[in-house]
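Paired with chain B in one complex and with chain C in the other, chain A is shared by the two complexes that follow.
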Partner chain A sequence: MTLTPSRRGLWLRVLDLPAVRRNDGLRSFLVATWLGWQIESNWADPFLFAIYSVVRPLASVMILVVMYSVITQGAFSQPIFPYIYLGNALYILVGQIITGVSWAIIDDREHYRVAKHLYTAPISGYTYLFGRGVARLIIGTISVGITVGFGMAVFKLPIRPAAIDWPLLLASTALGVAALAGLGLIIGAWTMTMARHFWSVGEAVSGAMYLFTGAIFPIDILPAWLRWIGFIFPVTYWLEAARRALLGPGAAGFTTFAAFSNAALLGILAAFTAALLIGSVFFYRWALDNAKEKGLLDMESGY
Partner chain B sequence: MTTSLGSSVQDGGRVRKATGARLFWYTLWARAYPRMVGATRERSWLFFETLLPVLGVAGYVFIYRAIQAPPEYAGFAVLGGAMTAFWLNVLWSMASQLYWDKDQGNLELYVVSPGPMMAVLLGMAVGGLVMTATRATIILVVCSLLFHVTYQIASVPLLILVFAVTMIALYGMGMLFASVFLVAGREAWHLSNLMQEPIYLASGFYFPVKAMGAFVATAASIIPLTLGLDAMRQLIFAGDPTLGFLSVQVELSVLAVLAVIFLAAAAFALARLEEVGRREGRLIERRR
Partner chain C sequence: MPNDPAILTQDLGRVYKLRGPKRKEDAKELIALDGVNLTVTRGELFGLLGPNGAGKTTLIKILTTLLLPTRGTAQVDGLDVTREPQEIRRRIATVSGGETSGYGLLTVEENLWMFARFYGLDTPVAKQRINELLEVVGITDRKRTKISDLSTGLRQKMNFIRGFISDPDVVFLDEPTLGLDVTAARQVRSFLKEWMAKHPDRTLLLTTHYMAEADELCGRLAIIDRGKLLAVDAPLALKHRLQREAIFNLKVAPLGQRPDNQEGGIEAVPGVRQVTVAEQDGATELSLILEGDDALAGVLAHLSRRGSGLISLEKREPTLEDVFIDLVGRRLDVDTTQQGNGTHE
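After this line comes the complex of A and B, so read on.
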């Protein structure tokens, strides 16, 4: 998929706007968003890319559906089923954003070998990485929508658009995505300072959160000495708030967060988000200096 | 005296070239060596490449607990989780490997060396198998201890035979994919990504494959791990006679046929790839 002349013209006009030209951060963000989208999508025609984008998340959720179905003989009306299904569907965004930024570092450094060109250009590295994560966010959002729609159509998930608490859903998702972006930036910056196993860092964090945040089973199922881990991740609060918004009273029945009001969930999530976004700015600066000190910024390990 | 490179130094300092079967063996060993020995030199993989699968397996075990599944299902998840190590190794360290070798400039070195390419592929497979077997064993042991999984093995020799034939068929498939993915170029990355969760689903990594229905289970049997895992599950959890999709004997026979087909197809595809690659100048061209 390449830009047609008219689209390219539009894009160049956007980049030529005085507000964009004057602002390194905004310009870097917009260009990186476009670049990220091209890298993610232009290896195939749009139809094949669309299939690719939905097959993995659908297969992932279907594994859980079959596991559930084998044990319960298809009792999809039980409250635990939408809990599992929605948690797994929403978690697609977590994986995409958390790993997306660190993969941008790996791609630029190891695969395309352009890290040195990037960091000698007049760009804002921080907003550049943000932009590279946006393409994954777009793909993830589409995948979540299709997965949830599939669940509503095939498994009769008890979600009715008219009954959704839209303000809670939008506010929690905006905060959740921003928190994930902050976390993704921190992991991406950490990746810059690594010479080994940088492939695994994003997946390790994403995998840990899958287990501890109540994404696919209530935290109460974990051994008591592990449950506290779930409470230190913003994803836990976002998933709970999003489930409440989508399922309404049907989300109740699991006691972990029964004592938390919606406002309390949003408040905690907002605090996490602010801390992660501010922390990511400082961590990025430290990681960049560290990578330069150690000569890792443009290292091609072939590892 | 035999040098580390496999050539023999005779009296008088003349080097006797390895040819034929000896060259094949030395090439195979040379390609397998870094994969097997590398793991002992850089031990940090113990943390990254066993912790991640353990987390994944734990997730599936806790789901089974959340829906109050019988205890043996935790064992299914543990066994399936351990076997994912082999599938991931085949996808990322076999199927995609020649493409990455081309990207890094190694493929042209393989091609201009006297060693046969089939031996290079077999070396990749042997090295990968040894390395991954270590990881899978650690995952199996750790998860079994963590989740108190108990096994009731029907026949150890048959279990070993099923595992061995499954691995030959699986890595034969990986060798075939290596040529196919090299032709796919940049799409190889996406193909490997695409063949993770859908294969876990169709092949019944975390539940008995018969739950997918006869049609899907039959179609998925082209992936050796489908029947291999089903047969191993029947042999390891022998308490449930209704578990399997087909009998162990039938599954073993099909796996043996798949092994022969995949190895033959890999040899053919590799020869064809090399011929077309030389003709079109694509063996050293890195832009796609």
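After this line comes the complex of A and C, so read on.
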């Protein structure tokens, strides 16, 4: 970045808008988005970063494909394959967003040691954290695109761009991302109040959800007493809606949500998302007060 | 709120609950601040002197809205720290000495620009202030250097700039020259004096270990120890408190055992108010605050009984260090987070 006026980009012009400068929430979000992108994209040179962005998701999905191939003896034409493949590809966003938002708190506090300067500046911590997660969302979205494209080209996933239900895909993904950001914020706020073992909270939650949200197998397979976990996670509904949007009728091969219309899925997802976002606002405030009370805001545990 | 004090605390207290090593029942309480009443008026460069663990940083954390008090009230610029933290944050800035924080992947300019944006400055204003302040602390040539490539001292200078970039009304400086070389520390002190001269309505609260720095910069000082304010006054007035006392520096041969177990140390000699002892170059250096010159004879007699001969003796004017020792009972460089009474003989 250079600050010479002649080379100021659109981003800087947006940040200079009076409305942005005056609004703590908007300003915090946009500056944090810029910061997040600098951090996520600048740790390696562009060539290495590009390789990492492509190889990492493909390597992840290939592990699953090889396991599937061994177990089913290469039955790639079965409806369970696109179900698993897409669930796994879309799930990249879950980890990226949840850990992207929650990790920012740890990163600022322990790694960059700027927490006290941030919390004594007139920013909105809530929107700042959302902003820090945007870069991960962008990287995650690129990874999902690459993984799905790879699946279409190599494994002939039955996805035809012309047949994709774009409104359903975009609406469900927007709601899913918002729900994940809310969840990430709750986990992040929680880490504010912890001195140790916080590294793994985001990963633990996204890892646990991998089993219960129907990402790699329909939740009907789970024992009845465990299924409810999947039903209370909004990710479950997002994955189902996104699969329907991408695969069309081919996605309805499993009975879990067969009784739910697309509108019902979106409605449930919207309700969960609203609840998570509202809950995250209150939880963030509680955690902030709690951390201030205990003197944990600028704590550096050295773990 | 121009008539409000810049900083006002009333009966301010803070207790930390320290977790035990194993069980919750092992938890202990640490009183970091105990009923602090402090008023800093607008336009003051106010100093806070105290050893490690005295409560200085806790007080600053409360005033900068990072920490909630457990009792009492605190206001900054007329705003309550618990009820109006966001408004306070628009008006304050903090700089801590020895600080190496910053996003290592960003350049000096980018780091500073980002913080300017957090305070709502537009890019031309931010750029102008960054350039001015880089010039002041002498790191203009490092403007495009990544933070990760800066030395500790240069990072500290960058953080100093960060504190002033928003043109704050109240600045909290926690040991701002800690770790800086002599020239850089002098530059910082000059900048602070010039900044205050240019902005007579602004307020600086400075904590420092360096008595000379406090003496040079501060219009008034508070001496704090174990969470309590022991004195608040101008440096000269504080030193005047000791004018009736006699202050001596003695260099003597190493002290032997007390000849009589019934006899106390030097501090027990009649007329001795405070004594600090330091060993240096095979000799013992005593800094004595006596109630009057007459008490010196008793001290010399005590030394003689312990087989220690006088090497040199100097009578001098009181310094802030003497004031501190007189009030606190030990030197400033003694860590009060440790138990015991420091350098008392």
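Here is the rule we go by: the second predicted complex is superposed on the first by the 292 of 303 C-alpha atoms of A that agree within 3 Å, B and C clash if a C-alpha of one lies under 4 Å from a C-alpha of the other, contacts with A are read in each partner's own complex, and residues count from 1 in each chain.
Here is the rule we use: contacts are C-beta pairs under 8 Å (C-beta built on N, C-alpha and C of every residue); 3 or more make two chains touch, one makes a residue touch a chain.
Being a predicted model, the structure only gives us computed values, none of them experimental.
Novice: With both complexes superposed on chain A, which partner does A:Arg285 reach: first (chain B), second (chain C), both or neither?
Specialist: neither
Novice: Please work out whether A:Tyr210 is in contact with chain B alone, chain C alone, both, or neither, and reply first, second, both or neither.
Specialist: Touch status of A:Tyr210: first partner only.
Novice: In the superposed arrangement, which partner chain does A:Lys116 touch: chain B (first), chain C (second), both, or neither?
Specialist: second
Novice: So, does A:Lys156 touch the first partner chain B, the second partner chain C, both, or neither?
Specialist: In the superposition, A:Lys156 contacts neither chain B nor chain C.
Novice: Quick one: classify A:Met67 as touching chain B (first), chain C (second), both or neither.
Specialist: Once the two structures are laid over each other on A, A:Met67 reaches chain B alone.
Novice: Could you tell me which stretches of chain A are touched by chain B in one complex and by chain C in the other?
Specialist: Dual-contact residues (chain A): 43.
Novice: Inside the complex, what are the residues of chain B that reach chain A?
Specialist: Going by the criterion above, the answer is residues 42, 44-45, 48-49, 51-52, 55-56, 58-60, 62-70, 73, 103-104, 186-187, 190, 193-194, 196-198, 200-201, 205-208, 211-212.
Novice: Hey, which residues of chain C end up touching chain A in the complex?
Specialist: Per the touch definition, chain C meets chain A at residues 16-17, 61, 64-68, 86, 89-90, 92-94, 96, 99-107, 109-110, 113-115, 117-124, 126-127, 130, 162.
Novice: Give every residue of chain A touching chain B within the complex, in rising order.
Specialist: It comes out as residues 43-44, 52, 55-57, 59-60, 62-64, 66-72, 80, 84, 111, 196-197, 200, 203-204, 207-208, 210-211, 216-218, 221-222, 302.
Novice: Flag every residue of chain A that touches chain C in the complex, lowest number first.
Specialist: 1, 3, 5, 8, 12, 15-16, 21-22, 24, 27-28, 31, 34-35, 38-39, 42-43, 112-114, 116-123, 289, 292-295, 297-298
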